[in-house]
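You will see two complexes here that share subunit A, one where it goes with subunit B and one where it goes with subunit C.
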Partner chain A sequence: MDLLFLFEWLDTSLLAQISKAYGGVFAVVQMFHLLAMAMLGGMVLIGDLRLLNVLLTNLPSEEVINNTQRWFNVALLVLVISGIFMSSAVAMKLYYNEMFWAKMTSLGFGIVFVYLIRRPLLKFNHDSIKPWVLKLLAVASIIVWFTVAASGRWIGFS
Partner chain B sequence: MLNELLLNFARWLDSFSWSTQLHESYYMYAWIESTHVLTLMLFLGMLCVIDLRMLGLIFPGVPASTIARRLDTPMMIGFVVMVITGFILYFAIPVRTTQSIWFRIKVVLLIAAGVNALLFRNKMHASCDTWDLDPKPPKRIRTGAALSLALWSGIVITGRTIAYDWYDCHKELPYFMYWLAGCVDEMAAYQ
Partner chain C sequence: MSKSLLEKLALFASGLVFVAAAWFWTAQIGDVLETLRLAYG
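What follows is the complex of A and B.
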């Protein structure tokens, strides 16, 4: 499905008028985007490194996952909202940018992975899950979210 | 005087062929900058969790000292990587960076964040036994944590705005802005 119409709409929207006209507002929103990225990355790393038995090993992994998941949700929400605002400033450029689509694909995959695979699986008692499954989940999660962040950064260079 | 010293130092760094090569290399510069930004997830991610615990917003059932102690090592690894890559980025573009208002504010905020972290750590170690298990630490600890988050937010935004040329020396700016940015030549031309 061609999403060009969506980007054309975004390019002429009120958001685009604000993001293009006020560099300061754009920079502040970008700050929230980066802070949310740091928070999301922190929550992913702490949760996954616990599943890999590297960090916070004296705490039950269920407790670590429950605590980090809440803030992961907050960070993801801020990332998406600030990301839409930032995209509005260069909507048409992004539409034709391959790295942008790489990021969107990995982000989509990351969201599906977290909410349809990782989270439902980790709701069970972790002792009842085979250790290699937990480790595989953790490694996959780190790779997916690193790819999202790295491809996002690379948009600026492409 | 200080501005001239800083500018001379930056020009000296700029005279190295490596500085120019690094700045002009497409992939190396991009990789270093990406590493600098992505390490935010390690350093600031850990810091966020420690500060959120001190604010009573995460891991309420876990002693605050446990969170701070356990996350300290990965946080410091992230910090060291950020400092090293930050120096390399500065080395690649020394003159413009030295005369960037945003870079100067960033350095001031970094110093403030460092002082706050030291005071915060001392305060925490001195009084931790009395509130370590409290889901919500005392007000002075929460204030330190909130200040830490605010300072690092400022560091992130000023770090990002270094890339913008709004107040670069080559632009026509009020004398005060030239002074703030340390635009030595432009200030001399003004007088």
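What follows is the complex of A and C.
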């Protein structure tokens, strides 16, 4: 499915007019985007390193996962909203950028991975889940979100 | 969904992530090395 029409619409939308005309607004939104990225990365690392028994081993992993998941949700929401605003400033450039699509693919996969697999599985008592499945899940989760962040940064170099 | 089905899904998705990430990052690093080779010989 060709999404060109969506990017053409975004490129001429009110969001694009604001993001292109007011550099200060763009910078503030970008600041929130980066803060949310740091928060999301932090929550992923804390939760997954707990599953790998690397840190916070004095706390039950269920408690750590519940707390990090809550802030992960907030960070993801801020990232998506601020990301749409920032994309509107360079919508057509992004449409033709391969790395942008790599980021969107990994982001889409990451969202499916977290909300359809990781979170439902981790609602069960962690002692009842096979330990190596937990560890594979944690490593895969770190790789997915690293890829999202790194391919996002890579957009600037491509 | 049952726990055993979720475990299988987690296993499949994790495997997919490992393979896809290895392929993707190998290709990206290969591109960078090729650019450096073109620039510096």
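Note that in this section the second predicted complex is superposed on the first by the 158 of 158 C-alpha atoms of A that agree within 3 Å, B and C clash if a C-alpha of one lies under 4 Å from a C-alpha of the other, contacts with A are read in each partner's own complex, and residues count from 1 in each chain.
Simple rule for what comes next: contacts are C-beta pairs under 8 Å (C-beta built on N, C-alpha and C of every residue); 3 or more make two chains touch, one makes a residue touch a chain.
Bear in mind that the values here come from a model prediction, so they are computed numbers and not experimental data.
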item	value
Contacts of A:18 with subunit B and subunit C, given as first, second, both or neither	neither
Subunit B versus subunit C as contact partner of A:27, first or second or both or neither	first
Touched partner set for A:143, first subunit B, second subunit C, both or neither	second
Per-residue touch tally on subunit A - higher for subunit B or for subunit C	B
First, second, both or neither for A:58, with subunit B first and subunit C second	first
First (subunit B), second (subunit C), both or neither touched by A:154	both
Which superposed partner A:84 touches (first subunit B, second subunit C, both, neither)	neither
Partner chain in contact with A:43 - subunit B first, subunit C second, else both or neither	first
Set intersection of subunit A contacts, subunit C complex versus subunit B complex	154
Contact set on subunit B toward subunit A in their complex	26, 30, 33-34, 37-38, 40-49, 52, 58-59, 61-62, 66-67, 70-71, 74, 153, 156-157, 160-161, 164, 166
Subunit C contact footprint on subunit A (complex, rising order)	102, 109, 113, 116-118, 120-121, 124, 128-130, 133, 136-137, 139-140, 143-144, 147, 154
Touching residues (chain side subunit A, partner subunit B) in the complex	23, 27-28, 30-31, 34-35, 37-46, 49, 55-56, 58-59, 63, 67-68, 70-71, 146, 149-150, 153-154, 157
Subunit A contact footprint on subunit C (complex, rising order)	1, 3, 6-7, 9-11, 13-14, 17-18, 21, 24-25, 28
